[in-house]
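Consider the two complexes below, in which chain A is the common component and chain B and chain C are the respective partners.
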Partner chain A sequence: MTAEEIFTKLQASFSGLRIAEAQVKEYPTWTVPAQSVRAVFEQLHSEFSFGYLDVVTATDWSGPVSPKGYPQSPAVAIGAAAAPPASARDVFEVVYIVTALSTGIKLCLRCEIPRKEGASVPSLYGIFMAADWQEREVYDMFGIHFEGHPNLKRILTPETQQGYPLRKDYEHIPDKFD
Partner chain B sequence: MGIVLDNLSKIENLPGGGIALAASDSLINWARASSVWPLTFGLACCAIEMMAAYASRFDFERMGVFPRPTPRQADVMFVAGTVVKKMADPIIRIYKQMPEPKFVIAMGGCANCGGPFYDSYSVVKGVDKIIPVDVYLPGCPPRPEALMYAVIKLQEKMSKMTVKGGFGATPLQAAGSRKLV
Partner chain C sequence: MTSETPTALKAGQMFINFGPQHPSTHGVLRIALTVEGEVVIKGDPDVGFLHRGMEKLFEARNYSQALVLTDRLDYTSAMHNNLAYCLAVERLAGIQAPLRAQYLRALTAELNRIASHLVFFGTFGVDMGAFTPFLYAFREREMILDLFEMLCGGRLLYSYVRIGGVSADLPAGWTEKCREFIKFFKPMLKDYDTLLSFNPIFKSRTEGVGIISADRAVSWGLSGPTLRASGVNYDVRKAEPYCVYDKLDFKAPIGKTGSCWDRYYCRMLEMGQSAEIALQCLDALSGQELTPGEIMAKGVPKIFKPPAGQAYAHVEASRGDLGFFAVSDGSMNPYRMHVRGPSFINVAILQEILAGCKIADVVAILGSLDIVLGEVDR
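Presenting the complex of A and B:
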């Protein structure tokens, strides 16, 4: 079964599923609305044997912000902030890449959510084992909440970390190690 | 006795006898500098160079550098790699477990000052922010020969320690300094 056939079958039950304008690598790339993320992946997992979750990551699509609070090394001069590119918009995009090891198909699913405090998408915990730590990492770096994750806490940065470092508007608060 | 005579300038042979007298400083410093036992401990890519220095091509053990698996038996800690803020507490804990006198070699740009991660949100800007450092070794990463040179420098420092000066067995360096003469 090819990716196109899977897409056609899925779109019958999930009308929000679209083929994305921008493709990620050579993978078939779809956009999926946040409310049907878990159902789509459940079906991909059970019906089409997508058993391997490669990647959960996220993108902050807001425009460039001049870095604040970092201890700048004197050799580096930060110029004026660049003009926001045409693609800048106020969203977080959660990106999933999932593989069916039996057929070798890799899919990329992108899910846009409004960029705000407490932005959330459904968790894939329980479908894929790999979702546990990868979702915690996305939470750690972007502050995106994964509804239904039983242990959503920071995984890479220490508990004393303030804010979410990979957000564009992250403001670094120097601590005793800086 | 040949080795002892070569290494200890203050040793004396009494005429007509096999008794040797040496200043205790020289004897103890010679023993200490000849068996610099580091902790088996690496943080990042510098640790690969450190492992290469231990292995047969460079053979660190000919200098008396023999990695120990526990901080209780170690004299020196090579901080080989990037110190992230989450690793700061374990490093302080390991350092406190080492017996006095203890020494630290900060290996590579990251351990010296943060290196290429200076502007990062998660990197400690130099391991000397958390523990006192004896030798700073630049490089990214330094070659095994450079690490050997750092150990030689540390041995030079050890050979200047005196019983009078507290012998390096200072309190936990709360002030961050060693009473080296």
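Presenting the complex of A and C:
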């Protein structure tokens, strides 16, 4: 079964599922509304044997990274294009890459959510155990909540960390190590 | 990183901090262990002590400057990191490296895989109380590092693979030296088997310990030898051939039970396969079809701006499926760069498999996963 056939079958039950305008190169890319993320993955897992979750990550689309996010002004300039790019908008985009090992099909699913405090998407914990730490990492870096994750706490940064480092507007607070 | 301390210990239970300053953790990993006598009740891996904010740093450098960051992820197999990063950026910008560069990439990647597995072989032996194999492993690894030094000047962090190709062609005398090494190395694998692989003490410490079933391995997203030891036939080089792997003849060794010994032995067999691949690459490189010196794609500017878009590329690194997810907004710097580090995902399964094992087996299980903390914490 090809990715297109799977898409047609899935779209029958999830009308919000769309083929993404901006594709991830070489891989079929779909967009999925936040409320049906878990259901779509459940069906992909049980019916189409997508059992291997490669990646859970996110992108903050609010514009170029703020130089204040770095301890000192980095030796390397942030770059000439300080103006927000055309793609800038107030959303977080959660990105999933999932594989069916039996057929070798790799899919990329994207989910846009409004960029605000307490932004959330359903957790994939339980369908894929690989989601456990990857979702914790996304939470740690972006502050996106994964509803239903049993152990959603910071993983790479210390508990004392203020703010979410990979947000574009993150500002570094000087500490004793600066 | 958490400061989790024992909560609700039952009578007869004890809380042990395994690491972060412990030689068997191969870096700075802390495992919070709750034990009852010799039996582990709960093991909770705690990571982040080596977190350097790599993904944030990528956003403040241009594409060529960011290459040196990738060396520092999994520092025992830097070639694979360079390669995966370059493949992702090349995909983003629509660049195709010349064939000669692709053979050079495959060749150096396989040599680096041998070097990386040799570190595993040596340190895993030390973890299990066998000190001698370590000396053999590092003797052979030194030869590979010498070859890399001759090729690109670096012994640990290479930045050899560049966007659009590689940084240098083979210097004079390199091919002969490399063939000499492989000729010397292949019989050594038999020595390793007699030294360690089939040693009764070693086998009884690792066989049947830390078993991961195929289902659980897939669900936890394990990759590399750790996944294949559980009997799952998934190798990125076979499933989605990059560079020239579709033209090369090799097998991906599969284990049966998914025990520590299987994971160990998969890596030993992989080294033999890597040596075969390296020989095939050397043959192709000295053949007539590939013009020496054609190692860079034409028209790659020094500072380049890939068009806005997203790309994902992944390679079979020494520790598993290493992926880079790159987002460009059309400017000089990557807008977002995510690293799928195989070690980070492999180490998470410790939560599940440590429960019920003996304290001494914790070291065996952790060692058999072969993690590098530079990649776990990024």
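Simple rule for what comes next: the second predicted complex is superposed on the first by the 164 of 178 C-alpha atoms of A that agree within 3 Å, B and C clash if a C-alpha of one lies under 4 Å from a C-alpha of the other, contacts with A are read in each partner's own complex, and residues count from 1 in each chain.
One rule holds for everything that comes next: contacts are C-beta pairs under 8 Å (C-beta built on N, C-alpha and C of every residue); 3 or more make two chains touch, one makes a residue touch a chain.
Please read all numbers here as calculations on a predicted model, not as lab measurements.
By the document's definition of touching, of the two partners only chain C reaches A:54; chain B does not. Once the two structures are superposed, chain B and chain C can be ranked by residues of chain A touched, with C on top.
After overlaying the two complexes on the shared chain, residue contacts for A:12 are found with neither chain B nor chain C. Using the contact criterion defined above for the overlaid structures, shared-chain residue A:95 touches chain C, although it does not reach chain B. Legend: residue contacts after superposition of the two complexes on their common chain; A:178 is shown touching chain B, with no touch to chain C. Of the two partner chains, chain C is the only one that A:130 touches; chain B does not reach it. Of the two partner chains placed by superposition, chain B and chain C are both touched by A:165. The interface of chain A with chain B overlaps its interface with chain C at residues 67, 70, 76, 156-158, 165, 170.
Contacts from chain A toward chain B in the complex involve residues 67, 70-73, 76, 156-158, 160-161, 165, 170, 172, 175-178. If you check the complex, the residues on chain C that touch chain A are 1-3, 47-48, 51, 53, 55-57, 59-62, 65, 91-92, 216, 218-221, 232, 234, 239-240, 308-312, 314, 321, 323, 325, 327, 329-333, 335-336, 338, 340, 344-345, 348-349, 351-352, 377-378. Those residues of chain A lying in contact with chain C across their complex are 22-27, 51-55, 57, 59-60, 64-65, 67, 69-70, 74, 76, 78-81, 85-87, 95, 97, 101, 104, 106, 108, 128-130, 132-134, 137, 141, 153-159, 165-166, 170. In the complex of the two chains, the chain B residues touching chain A come out as 85-86, 88, 118-119, 121-125, 129-130.
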